[in-house]
Amino acid sequence: MENRQPQSATLLIYCEDRSGIIAAVTDFIHAHEGNIIYLDQYVDAEEKIFFMRIEWDLQTFVISPDKIETLFKEGLAKKYKMNYRLSFSDEKLRMAVFVSKLPHCLYDIVSRCQSGEWAIDIPLIISNHKELEPVAKSFGIDYHYIPITPENKPEQEAKQVELLKKNNVDFIVLARYMQILSESFIKNYPSQIINIHHSFLPAFPGAKPYHSAHKRGVKIIGATSHYVTADLDEGPIIEQDVVRVTHVDSIKDLIRKGRDLEKIVLSRAVYAHFQRKTLVYKNRTIVFN
Amino acid sequence: MENRQPQSATLLIYCEDRSGIIAAVTDFIHAHEGNIIYLDQYVDAEEKIFFMRIEWDLQTFVISPDKIETLFKEGLAKKYKMNYRLSFSDEKLRMAVFVSKLPHCLYDIVSRCQSGEWAIDIPLIISNHKELEPVAKSFGIDYHYIPITPENKPEQEAKQVELLKKNNVDFIVLARYMQILSESFIKNYPSQIINIHHSFLPAFPGAKPYHSAHKRGVKIIGATSHYVTADLDEGPIIEQDVVRVTHVDSIKDLIRKGRDLEKIVLSRAVYAHFQRKTLVYKNRTIVFN
Amino acid sequence: MENRQPQSATLLIYCEDRSGIIAAVTDFIHAHEGNIIYLDQYVDAEEKIFFMRIEWDLQTFVISPDKIETLFKEGLAKKYKMNYRLSFSDEKLRMAVFVSKLPHCLYDIVSRCQSGEWAIDIPLIISNHKELEPVAKSFGIDYHYIPITPENKPEQEAKQVELLKKNNVDFIVLARYMQILSESFIKNYPSQIINIHHSFLPAFPGAKPYHSAHKRGVKIIGATSHYVTADLDEGPIIEQDVVRVTHVDSIKDLIRKGRDLEKIVLSRAVYAHFQRKTLVYKNRTIVFN
Amino acid sequence: MENRQPQSATLLIYCEDRSGIIAAVTDFIHAHEGNIIYLDQYVDAEEKIFFMRIEWDLQTFVISPDKIETLFKEGLAKKYKMNYRLSFSDEKLRMAVFVSKLPHCLYDIVSRCQSGEWAIDIPLIISNHKELEPVAKSFGIDYHYIPITPENKPEQEAKQVELLKKNNVDFIVLARYMQILSESFIKNYPSQIINIHHSFLPAFPGAKPYHSAHKRGVKIIGATSHYVTADLDEGPIIEQDVVRVTHVDSIKDLIRKGRDLEKIVLSRAVYAHFQRKTLVYKNRTIVFN
């Protein structure tokens, strides 16, 4: 950290709500000559929990980046029993993408990284199928084919975790990965695995949601991006969106319309995540503006 | 019918799909000097069912309105084993509105009728509560207070049906009516009872959907208008719409935002219904443009 | 104010951005035992202007409501050269509605007030036509018919202002009022007159926007609610929304679909206004959550 | 055409509206044992023009594909003075993409083609800049760098047309191509050049629409895809969509949110075009379902 000169620092905080927290945090920054660039806070009135995201300019801040955490912890976090996450603008997160056979979300994600739209790294793609290896190749990303069967699942997941650790992966995106992750796998990355489900959850969880939507005769279909927990399709929702359909639309049409929805919804969720705009509390996601 | 001179006639048709139906129907109108104003048709490729809505100008049509049905039935409907509904532009449908305590959908519906936006009559409002009687009064509509308990439900529903029949009601709108209709009641008005449910079905059926939506942490809430069948919240969907919410929105906010959604979605469904733009087949609603 | 015991106070503030404002304001409330219920702030980085909305519980607040303003002004507003507006939760705003012949927005607004959905008073409705007098009557609201011609405009507007002042009107809603207000009239109610324009501004300003939209072949139509300024259809936008249309939709269809849009968009804007969630700066409206 | 066995044929038709056209066209298909898969028609009541899209299965059709056009022309098109376009399901259109420096629309389009989502060919990409050549390379598509200056525009456009002709290009997509095409260029591809404009037209035509939108303080931004005509940003609109923004969004945020909108709106327009679902009449686009 010695020679780093990040432009700004961001704190994500939550703790029991008490009077004076905002004043205390803004005072902390103000007192050390920091300039607040972004502040958003929210109180869950039922749970009595305070949530905050604050970002400040480090140009004139008198504490050096490597000392901010210690000072903040001793000065404030302890007093208010805060859960917090400190990050700096020059940290580039490392993301692994898991895929099966469908390429649309993968293309969308990797092209955003390759074009520089997103400032994150993709050290590797992991798949239980070989189909998308050419896509990974054309973007110059390592592709690991790790087929999963009910029998080999534990050792294959162990192999996946090893690869992820070796590559210093910060978070994982399941870009239409058609495998259920085991609870023990998930524990390695709490609130760091993002899935896209091709329905408007909690409607149509599980397999073949477009078929179910067609059968039910809905007039709108949706897609849902959420953090993965041990309960399938039950994790905290990050983002959802919908598109109109009519009686004319066949299942094939729903799949086609849904494809665009899936990739946009997943990408919005990934963006919010790597911009450190999300905070998970119980089964809900706070998504700051 | 003798002195009537409706401007146009509308046929809603469905039957097993066969080659030549469109040609046969359009020929029928063309051969008798009718001018087609509207034609929309749709084939359910899986079920192999043909659906059509056709409207034509009667000014130059050489068959008089009171003879159209006989000729159509003998000439075409029998041959193709069609289910059909013939209506004329001068027929004004009669609608009953059922309410409990929440007024927003009621206000929206009656003001559309009173202002002439909708060409339908509301001969009566039925409620299991007294609260909305002043609203009915201010619009000059009969209000019938028929309280329902588990014990008196059969006789009270009988009283409702009697009133509906006496008033020649064509269809019923449940404008946030908080009672479940019995199967025997529903049988009197198949595909003629429209409900508004305050969620994006099939998500959150049953009671308190906004509470459930808040608990689940969804990022979008919805409302669904559907025909009432014996299966609660399972009838054929006519219209749905949604609105964005965030972690900031409390249950009270969801209720407030949902209120606007409910009234718009219900009114769109009622409009499609009385314009004879809907056809129910199995559990799906064909909604023509 | 002596016997009043409002539940909460709200401050809307804007001033030149300086370090430490948030800390100063939250300290002010905190130091006097107030509990912050709502805080949202925003910095216009280009203009270097700080905007804030803060609401706090008065139950434990040690300053009595009638002394808050003086203390705030002396203690903070002067120091930071703040523009501010203080309000209390028990203040009920008084709204005048201006209409011409179209009733849909009027019905929507008055039914929200009559049902208690909105805690505001409507002491009077003003119109340049007689058509909607029966609507006003059925809701028990005074209706003033003040026809406008190019010749009598100045004295008729003077009459309007007199009525508004006599009725202690706080703000005015133009619910499809088809008259242009003069600059001198507008000066009486700066940022207190809300209009609904039936297009997605800045597209199709002026007369007959649905006709223009149809001619241009747009695939989406919109409605815009804005504060009225001397420049027609150029005032700060509060809320907009849109609905899809297709080549099939005639001008009549656009008008019908637009009607629902107009009433919802106008009502959202009015709600934001009377909830003191809006702040106008130059030609933009800050709309707090 | 000799050995071709396309699955289906599609006719896009428009002509002066007359009684009996639908019957005549469906009779034509029916009489030759064709099975209608899709039929949509629309009458512009003001212009008195009839529009139709009809697709039928060729499996049992007794006329061979290469003779359909002659028979249709002699039998029907002449009688009704139809403008029509006949196409077959096995025809793969050839599309050229024009780009400048922004890659998001290009990535979206080429990945849809490479993955097989779209059954069209991209023989070449043309650009006035070198920046996106690596993207073209990674997808294996020819990239032609043709810089444009006011001086060299005529000869450079001539070079472009030559390339397009040599590559048998059917239609052109301007994927954020920052050059205005000359009238003489456009004449080569009437209703065959699709542009994406980054605003909700007719709001904010011309350069820097996000800056203008920010300045005007709109609450919704949009994107518009249209056929290119000699009048800049005035061509027939194919598709539009919008996304909400707030006072918090900077110009940079509008650009980011707009990017996703642009690529989705452009791709929907391209899809409708190559599926032969569009018909241009005067300045409006009929987009069949």
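Just so it is clear, A, B, C and D label the chains in written order, and each chain counts residues from 1 on its own.
Criterion: a contact is a pair of C-beta atoms (placed from the backbone, for glycine too) under 8 Å apart; a residue touches a chain by one contact, two chains touch by 3 or more.
Computed from a predicted structure; not experimentally measured.
Q: By mean C-alpha coordinates, which chain is most distant from subunit D?
A: Farthest from subunit D by mean C-alpha position: C.
Q: When C-D is set beside A-C, which has more C-beta pairs in contact?
A: Higher contact count goes to C-D.
Q: If you average the CA atoms of subunit A and of subunit C, how many Å lie between those two points?
A: Subunit A and subunit C have C-alpha centres separated by 38 Å.
Q: Could you work out how far the Cα centre of subunit C sits from that of subunit D, in whole Å?
A: Going by mean C-alpha positions, subunit C sits 42 Å from subunit D.
Q: Which parts of subunit A, given as residue numbers and ranges, touch two or more other chains?
A: 246, 248
Q: Enumerate the contact residues on subunit C facing subunit B in the complex.
A: Subunit C reaches subunit B through residues 103-104, 107-108, 111-112, 115, 117, 135, 138-139, 246, 248, 259-260, 264, 267-268, 289.
Q: Within the complex, which stretch of subunit C touches subunit D?
A: Listed in rising order, the residues of subunit C that touch subunit D are 42, 45, 200-204, 215-220, 222, 236-242, 246-248, 250, 283-287.
Q: Applying the document's contact rule, which stretches of subunit C touch subunit A when the two form their complex?
A: Those residues of subunit C that touch subunit A are 19-20, 22-23, 26-27, 30, 33-37, 39-41, 43, 244.
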